[in-house]
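Each chain carries a letter (A, B, C, D and E) given by its place in the written order, and its residues are counted from 1.
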Amino acid sequence: MTQPLLEVQDLHTVFSTKEGWVKAVDGVSFELHPGETLGIVGESGCGKSVTALSIMRLQRPGLIKSGHVMFKGDDLTKATEDEMRDVRGKEIAMIFQDPMTSLNPVFRTGWQVAEPLRLHHGWNAKKSLTSAINMLGRVGIPSATERAEDYPHQFSGGMRQRVMIAMGLTTTPEVLIADEPTTALDVTIQAQILDLLRHVNQEFGTATILITHNLGVVAGMCKRIIVMYAGRIVEAGPTADVFAHPKHPYTWALLRSIPRLDAERHEPLKPIEGLPPNLVDLPGGCAFHPRCAFKIEKCSRDVPALQRVGDTQLSACWVTQAGTELKGA
Amino acid sequence: MLAKYVARRFFASIVVVLGVTLITLVLMDRTRGTYVPGIDLNPALRPEDIARLRADLGLDRPFYIWYITWIWGVLHGDFGRSMIDGSTVMSHILDRLPNTLELTGTAILIGVLISIPVGVIGALRHGSKTDHTMTVVSVAGFAVPQFWMGLILILIFSVTLEQHGLPWLPSSGAYSAVNGGDFIDRVEHLILPATVLSFFYTSTWSRFIRSSMLEVLSQDYIRTARAKGMSERRVVYLHGLRNALIPLVTLIGLELPGLVSGGLVVEVVFGWPGIGKLAFERALQYDYTTVMGVTFFATMLVIAGNLLADLLYGVLDPRIRFA
Amino acid sequence: MSRDEVADDKGFEQFEKFLEAWSRRDFLKRAGAAGAYMAFLGGAVEFLDACAGTNNPTTSAAKKGGHVVEGNFSDIRTLNSMLSSDTASNQVIGLMFDGLLNYKKNGDLIPALAAELPKTSADGLTYTFKLRPNLKFSDGQPLTSDDVKFTYQLAYDPQYADVSSPRRGDLSKYIKSIDTPDPLTVVITTTQVFAPFLASHALYGILPKHVLGSLSAKDINTAPYNTAPTVTNGAFKFVSWEKGQQVTMARNDNYWAGPAYLDQWIYKVLPDSVAVTNQLKTGEIDIGPVDPGQFDAVKTVSTVAMSEFGVPTFTFYAYQLDPGKPAGPLFQDKAVRQALLYALDRQSIVTAVYFGHGQVANSVEPPISWAYKDKPQVVVGFDKAKAQSLLDGAGWTKGADGIRAKNGTKLKFTMITNAGNKQRESMLTVMQQAWHDIGVDATPSLIQFPQLVSQIVSIRTFDMFLVGFNWAADPDVSPLYHSRNAVPGGFNGADFKNDQADGLLDQALNTLDRTKRKQLYGQFQDLMSDLQPSPVILFNTGIYGVNTRVQGTDFGPFNQFTQRPWNHGVWVTDGK
Amino acid sequence: MPSATVKPLTRAWTTADPLVEVSDLKVWFSVSSGVLQRTVGHVHAVDGVDLEIKTGETVGLVGESGCGKSTLGRAVIRLLEPTEGKIIFKGDDISHLRGERLRALRRDMAMIFQDPYASLDPRQTVGDIVGEPIDVHHLAKGKERQDRIQELLRVVGLNPRFVDRYPHEFSGGQRQRIGIARALAVEPSFIVCDEPISALDVSIQAQIINLLERLQSKFNLTYLFIAHDLSVVKHISNRIAVMYLGKIMEVAGGSQLYRRPRHPYTASLLSAIPIPDPVIELRRERTILQGDVASPINPPSGCRFRTRCPRAREHCAEEVPALESFGDEHKAACFYPLD
Amino acid sequence: MIGPSRVAELDMPGAAIEGSSTRPAQSYWNESWERLRANRIGIMAGALIVVFALIAVLAPVFSAVLTHYEPQTIDLSKTFSPPGSGHLLGSDELGRDTLTRLIWGARVTLGVALLTVAVSLTVGTAVGMMAGYYGGWFDDVLMRLVDTVLAIPAIFLFILMSILFKPTPVSLALIIASVGWGQVARLVRGEVLSVKQRDFILATRSIGARHLRLMARHLLPNVLPVLIVAASLGVGQIILIEAALDFLGLGIQPPTASWGNMLTNAESYFFHSVWLVYFPGVMIFVTVLASNVFGNAIRDAFDPRLK
């Protein structure tokens, strides 16, 4: 294996609320290798976005309590704010869920796309704008020269997300973190953007972390995925293996609960009963155990660690770690 | 497109102008009783003289006739003559307007210059001691009656300082009676009234900017800006403030009529020869034409202010387009 | 000073009726104002000496140059002497225009543009004026009898009927013709013998015919000259009028009495009496009228000299005497009217409300007037017991609620005055309580001045009003007390109608001999002190603060704002 | 005035007839501008739609945002007044009902909304929300009303003790259940489900889908199920209508549509939907539509889809294709359909 | 359709979904109240206003028991008594007791403020609600009216109306409210327009609710927080407006005491009787401050985001 480009080690990010500390990210560790696309899957509030923001040290008002983010040998959690600024937008770029609100409405898109170049390369307005227009063209914005003069609101949602991607790519970063990049878009536009991301990954060799709640999206995009639940990684492994043989009851149940387009017959769905956990008041032991069909007594007592289960996968489940196969009606 | 928009707004505002001036006139006319503006009690005046004066002023006719006549004049650029002193209403307005603009303009400028940093700092450090202090000051700022603050300032900075042989500030008027009117002199006269007036603006606006800034700083594009790796200063003052100022512009635009009326109390306290004071004095003397002229003018300013706010909004916020 | 010598003759018994009690400041709420113009004094002369604030001109030390800033509350309205009717305008006009005659401070007439006091024909109908030779306007053009005639024509000649002059009523009534046999002679023929003619009408500032003569009557009303009189004949000439702020005047080198010492005289508009006090202290103004309430505050300032003097102004209240009006029946009985006055501790009012700057009135004539009768037939003092017994005697008995009633009618009424005049507001409050003590239910009510005016002169549905009145030098008081003025537009708003009073007033107006007149007015004062149709509470005083650097001012009862024959002699010790 | 219990049904209508028949329905919104608010154009939100919904079936309505599917849904239950066209409900023309008759109609149809946060009044308790239809139509009072509310809550899987709570205390899924309880409270026969699950967490969506299915079979409800997620629609619907820019492009049974789409738009829509199976995803051939949806204010001439259609030819711009039958209740509006 | 009996027979899996069921019901109002209670300064400000209001209501009791003076009692022999034995807070130019007049002045000043707020809110809410709810030409007409009212510089209108109507506390309140309602109407209309967008309004319509129900049960409660904040901040503003009108001579007329006219009246005596200036000034300042602080506290309580 190559040296990982980015290595997250036992990351803990907490938020202070009226009701106490919330462990939004609770001991997350993973690696990202050059050029790969890593999927992080989970429901809202599972900590996937906070993990991404923590890598960029943009988790405010949250607090990185412990852990390391090693990027090309440097620990980003120890970096000064100035050093972080050099990383952000230059080495690691990030795009967000809602392209409607993620672009500043009062500046021209070209100017905004060019901004990282001015910031990080010190280019002048003209040079950076030329480069930005070039990039806009490459992400599929027709007549980019003219459109660079437009304001964000004059673009459709899909086009805006392309602008966001262009903005992230201008400085040819080594890592692109895409936080739910297609959630706010229509399926046909989602397909366009996903296609673009694949293309970007190939053309620029940018390692990508794709954060999404949509299992279908990661299935088509990522070689490796991480499944998060309540601030922890519950399962990780090659996408094909995880989908074929989930080693965590949550992954297992999730796959069975969503309707599939290719389902031949109408079968009732198998929902995951219960509610997603309240992060302020997590159940003891495995956070998933109140909803788990396989739970054993130990699950409500001890928190399972993420361990290798099977050849390629990691799972944090007492049941599968004990060798039990996940099967059900 | 823009011209068309402005034109349409203008026509829509005619109703408002007519309404406002009519209300003004009715109020004055209902109160006046038999009193004829411009004449003091003077036993030398015979009833027929008074009747002639009334006729000259058009007061023998029902107010709606008077109103139509007045509107007709206004349409021809003639605002009539003051019922009190016979000079043209326009000359009164033009005489007073520069003073009013000087005072309120300065106050607004000071208000903007102080309230923006104060508001921004409050937002950036919200919850901090600095924020609390500034909040207390600004909340206290509009708890003080303006006239009261004016009087206290006069007592401290004019009378008391003078009596101790210290440099002091003039307490009334827009410039010195003798050889006044040069820049330094005008500034000296401006300090006290502008302080009172801007204190009010600063208090209001700094609160406003603070909340507007807080709102903006929670927006997604601020996160984007940070993710681009720009300094916090650039994030706040370029990406944040630019957006936070948009509503402020509206607020200031809406304050534009305050250019005329907002300073009324301050003008009275400091004997500042401005429009507000003029309107106040003339209203008490039933100088119909002058009051109507000022009201008309002030209403136009309200409308212009609203329009300007909208237009500026359009300039500052590219999402707004006029159609 | 030459002027004082001239003024020394026995002046005419000239009368001016001058009714500016509700001067313009009353409109402006900022009211300390109101006190300042209407004021009275008892023993004016003593006061003047005692105060020593005024500085008699000492020619030897007089320096040329410098300026004086005079502060006041109202802006001017016009600078055309024939159009002006308000005190502020008249005051500024007085600085820039002389008339044929002027007042001494005791009200006696002295010649101004006229070389001497006019000759009166035997029938008392014709006045012949001789002008001083070589009179010039500020632009160097000669001032002749033509200019005088033109000035008066504006207010009496039918050809100028469209000129909105407040003098038209009197002048067109009394002037028959004006002839100018030569450039220095003006002959005014009147229609009837009218004692106050000269005092009232010989003082108007003379306007330049060569500037205004070509204008039509209507154009004169709106001539630019009215707001910027380019050509003047007084001690000062016009420089600028910054509306709402100040009028600036400069020395007129062509002035008949010689150029003034000062370079500039500035009339500055101030917000209120507190501002006058403050600015006298800071020296921002040199001269200003001081509110009685501010007297002590100014007195302690070493740079300000105070001058206080009696003025022909009184404050009175009037009963509704028209029996047809709601409150009319209450006051028909003289006993009620007297009783109410007996119940007022007027000395306390003078002391507390006017801070001692005033004098309790026993008469309807001002004490500074030659016609004043110190002890009229009835002197009403503060006597609560008498008030009670008078009311008891008149059949007004106290009910269970403590309010007196007679035949089921309660002695209950509303007192109105204009809002914004602090002393009057306080006085109503004091009256309310004093009368409440004797079982009378009086409610104060403050209304805006124009509404008060309407009430007094035309609507007249009031129960009782309180207001001030300002008289001229002449003792004629018929505007308030003659039944002919109890008509719409007339000032006898109380509807006081008494044949005896009418007779005395008419007789006095047609009598030129001062001794006889004085006797008639004495009888009138006796009559009024008994009838008390509208009791006078007190006479006010005028108070001026003058910076000690300013010399040569000489304020007095009749040289207060408009007529100041000493204007050109004012100088400043520091020459600034 | 018909009382709440007397339905405005007069003609003979049986459950064998279509419950809802929509013909040539148009709903336009005027676009006004300026202070004088002059109409400068129209949004052709729904622009000539024919649709039939049989009693007891679920018709799925899919399309991208802005295609008019929500507008159509709201017009069908008369929350909007149609600009043109007819809506027949249980044999009665309800296109232009007003006043009390419309109010009476509300007892027979209901709606479930997308956003479980915005669709519940934050100032009301659950009991108020669910009880409101009962109050509005005077269905019950006092104790009976309380019982009814509690039963409704139980029906949708909520603890009846929650009646005194406020919506913000619930999770998205629970809130959606409250919304469903409210819809059931009027005892409707027809419910428009407007994207009822798209705002919910993935693990919760299935709960709601199952609940809706269960309720349908228990109460013999008829659904118009609006969603942008074709896989969900396919799962729950008997038939699916695909909308694009105010028009229906294709109607067919779920598997029919998946296996053999006729309209190019349907085909590309299907291909755009990711399937949670990496094996299939790797093998899939994708037709990626270029560009964005055109403006509904000035929709393209002829076939609305032609601007993005890979098969478009000149003729498509000239004439509007009508829905044509491809047998077995399969209809598509295309001049050059797929085989 | 679904009768109760049929509901009962349905047995739903998953019916056991529960939250942490021991918590008491938390309404929006309760939560806001909790947040407000946590704001000690805000609560103190609110309490201060309540105390002043109580003093105002009980003015006759206070003047009888505490000060032993009537507000109108004149004693010309004891003018300008400094604070101390005879007069707790001194006496004024007519020898009236300052404390008594302050207490009675509270009645007028707070009364005017509260009445103004009440009238403005009632009229403004009605107009704004109807304009926002019904929309269309109805909205146009009403809002044009509001525009007109708001286009007259308020102070001019106050001046003109104060000249027209003799300013008694009630008429003064109506005068100030004549402009205040316009602002409220705009505010309410804006809120209604935004609330109207939300799906629960559509949801309520979909069950056949009438207009009145929508407005009273749904729009009003959702607009209420804004109104409460406006009311609280309004009290302070109106006290200031009233004081300014007093200063211009167009407010409450003497001898009726209001804090504003006591302050204005005292202006002339600054040099020798500073307490006359001091006390009404402090009362105005403290009350307006309390009203602003309380208003802000309520706003923060309702909308903690912006704190």
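Annotations
Keep this in mind: a residue touches a chain if its C-beta (ideal position, glycine included) is under 8 Å from a C-beta of that chain, and two chains touch if they have at least 3 such contacts.
Note that the structure is a prediction, hence the values are computed from the model and not measured.
Path length between chain A and chain D in the touching-chain graph (shortest route): 1.
Fewest steps needed to get from chain A to chain C, stepping only to touching chains, is 2.
Greatest centre-to-centre distance from chain D is found for C, with centres as Cα means.
For chain pairs A-B and B-E, the one joined by more C-beta pairs in contact is B-E. Our note on geometry: chain C versus chain E, Cα centroid distance of 48 Å, whole angstroms. Chain E has its Cα centroid 25 Å from the Cα centroid of chain B.
Work out the mean CA point of chain B and of chain C, and you get 38 Å between them.
Looking at chain C, residues 29-30, 274, 448 sit in touch with two or more other chains. Shared contact sites, meaning residues of chain B that touch two or more other chains, fall at 31, 151, 155, 268, 284. Each of the following residues of chain A touches two or more other chains: 271, 273, 275.
Contact residues on chain D toward chain E in their complex (touch as defined above): 37, 74, 77, 79, 102-107, 109-111, 113-115, 118-125, 132-133, 136-137, 144, 147-148, 151-152, 154-159, 161-162, 164-166, 168-171, 174, 179, 182, 184-189, 207, 211, 214, 218-219. Note for the complex: chain B touches chain C at residues 31-35, 38-47, 49-50, 52-53, 56, 81, 84-87, 91-92, 95-96, 99, 151, 154-155, 158-159, 162-163, 168, 170-178, 268-271, 273-274, 277-278, 281, 284-286.
Across the interface of their complex, chain D is touched by residues 1-4, 6-8, 10, 12-19, 21, 23, 25-28, 140, 198-200, 202-210, 213, 217-218, 221-222, 224 of chain E. Those residues of chain B whose C-beta lies close enough to touch chain E in the complex are 15-17, 19-20, 23-24, 27-28, 30-31, 126-127, 135, 139-140, 142-148, 151, 155, 211, 214-215, 218, 257-258, 260-262, 264-265, 268, 276, 279-280, 283-284, 291, 294-295, 298-299, 302-303. By the touch criterion given at the top, residues 72-74, 76-77, 79, 93-95, 163, 166, 248-250, 253-255, 265, 267-272 of chain E touch chain C in their complex.
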